[in-house]
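One chain, subunit A, links the two complexes that follow: it is found with subunit B in the first and with subunit C in the second.
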Partner chain A sequence: MKKFKMRWPALKMEVMCDGISENQEALDILVDNMPVKAIQGHEMVGGWMLRARAVHLQKVPFELEAAQMKNEKMKDAPIGRVSLLFPQGGTTELLVKYDACVDDRDYIPVAQVAEKDLEVLKKVGRLQWQSATRTKEIYHVEFMEVE
Partner chain B sequence: MDWKTVKKTIDEENARILKTPPEDVLRVFKYEILETEGGTGGLMLGPWFEGATASRYVGPYYVYNIVKLAGLPGYTAQQVKEMTFQLLPKAVGTAKLCGMATYAELAQKVLDCMKDLDTKEDMLKLLNALYLYGSNMNAWIHHYMKWGIGQAFRIPTREELVDMGTRNVESFV
Partner chain C sequence: MKTWQELKAEIDRESLLTTLEPVQDVVDVFRYSISKGGAGVPNDNQIFTTWFFGGADVNYLADWCYFIIELAKKENYSMEQLCQMTRFWIKQPSEFGSYCGLRKQYEFFQQLDEIMDGLEKSELVAVLDSYRSYLSNINVWVYQYMPWGVGRAFHRKDKAYYEVGRKLAEGI
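Take a look at the complex of A and B:
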């Protein structure tokens, strides 16, 4: 199963993400585009999720049909779930659930943050929430494949 | 303008604004400057709300869905063109009125080019560039949106609502 790291250089924090059994083709495309960098944001409606709204897929375009992928509602997903939203062509959104969510929209799950890194993930989530609502610090997130 | 030139311009902008906040977003959402004379009664909340929504509709909602459907064999180039002209202009117009000048200009150039394109392949290349641009704008707008205002409008709990209901009569004393 493929693995990748999410790293926030300004925060000096990173988490390991392990591929899951669902949507491996989607994960392959995501990983084939790494290393890739995006502006880190936060979900503002559905609950405690990190949300990168513009992940560039410039090497391998995303061309899977919706019917080829399994969906999951974030409210039902485990803490640490990494999912895609609107993946198409050269762009996708990427969300990571770090605490409770009520979000009952469909997402495309591709990976899971390692159990040992869940506390780090929560710290990043809280700092990003502070950024969104108060400090406006800009955090970039980097995704890189791990062999 | 040649569509490849427009695509190249958008691609270059996409690379630039990954690191640097777009001027449209800084001007409107950070510095609260609106050069269109929009903002009824001199209030910025309207352009923020409408501008953010329209910007999200152009890229992550409309163009995403057009590109997604265009990838299916049953959709013809003419249908892709019609969907684009049906969906985009009003959202682009709203984004422009709300100060998203560069975004609107690039989207309008895409629309102008689409008139002369004949193949789905070329249309998809151009639309995909705009989709990424719209997603970048969406990301930066979400960053600079002054979400802290929301602290003044916290969603009340059920207990607070019941309490408000029982004390309602006091406001008429």
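Take a look at the complex of A and C:
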């Protein structure tokens, strides 16, 4: 199964994300577009999620139909779940749950942050929340395939 | 009038420029509180309503593009119907977003509006896909610069809160 890293250079932090059994074709497309850089954001109403609102897929467009993919409610997802929202053509949103969420909407799960990196993920999440609500620091996130 | 390829290339260029660097329109409106179109000026010369309404309208444009593209791919809609949906769903919020200072996204829509009726379905989808990418960048930067911290001044109230209030009012 494919793996990738999420890295936040300004924070000098990174986490490993392992593919899961669901939606492997969707993960393949995401990974085939790496390396990708985006602006790291935060979910503002549904809970503790990192949210990158514009992940551009410039090499391979996302052409899977929504009905072909399995969904998962964010509130039921494990901590560390990496999910896509509205993947289509040249753009997708990408979310990572790092703590409790009340969001009961469907997302497309594609990967899971490694157990050993969950504390790092939580630190990044808390710093991003500080940025969104107070400091307004701009954090880049990089997605890189790991062989 | 641009060809669809020229318009798509122009949007793609702008999208590339604004993926990791801010959209200038968003910086003007959301970071520096400049209302270039005059929105909010007659209403106590404030910016908050411009943020609240303009940001939300443009936020949804990316979703409307998503759904029009899905309908174009999966359903038996004619180009005439798709063009009509595009005008119904996109023109009004895009124009309002421009009034609120998010101008370039409306310039792109106006250029699409001019050529849309002469396009093939795949061509419309290609331009809308690029437009959606650029709109997604706008959303990124609106979320970045919106002063979400003001929410701390308006804490959510629940049933227990009102119950305490009721008891205080009744002198219990």
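Basically, the second predicted complex is superposed on the first by the 147 of 147 C-alpha atoms of A that agree within 3 Å, B and C clash if a C-alpha of one lies under 4 Å from a C-alpha of the other, contacts with A are read in each partner's own complex, and residues count from 1 in each chain.
Following the convention adopted for this analysis, contacts are C-beta pairs under 8 Å (C-beta built on N, C-alpha and C of every residue); 3 or more make two chains touch, one makes a residue touch a chain.
Since we're looking at a predicted model, the values are computed, not measured.
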Three-chain arrangement built on subunit A, subunit B and subunit C clash or fit: clash
First, second, both or neither for A:R134, with subunit B first and subunit C second: both
Common interface positions of subunit A, toward subunit B and toward subunit C: 37-39, 41-42, 44, 53-54, 56, 61, 65-66, 86, 88-91, 93, 132-134, 136, 138, 140
Of subunit A, residues touching subunit C in the complex: 37-39, 41-42, 44, 53-54, 56, 61, 65-66, 86, 88-91, 93, 132-134, 136, 138, 140
Residues of subunit A defined as touching subunit B within the complex: 37-39, 41-42, 44, 51-54, 56, 61, 63, 65-66, 86, 88-91, 93, 131-134, 136, 138, 140
Complex interface listing, subunit B residues touching subunit A: 14, 18-19, 21, 60, 64, 67-68, 71-72, 124, 127-129, 131-132, 135-136, 138-140, 142-144, 147-148, 150-151
In the complex, subunit C residues that touch subunit A: 15, 19-20, 62-63, 66, 69-70, 74, 125, 129-130, 132-133, 136-137, 139-141, 143-145, 148-149, 151-152
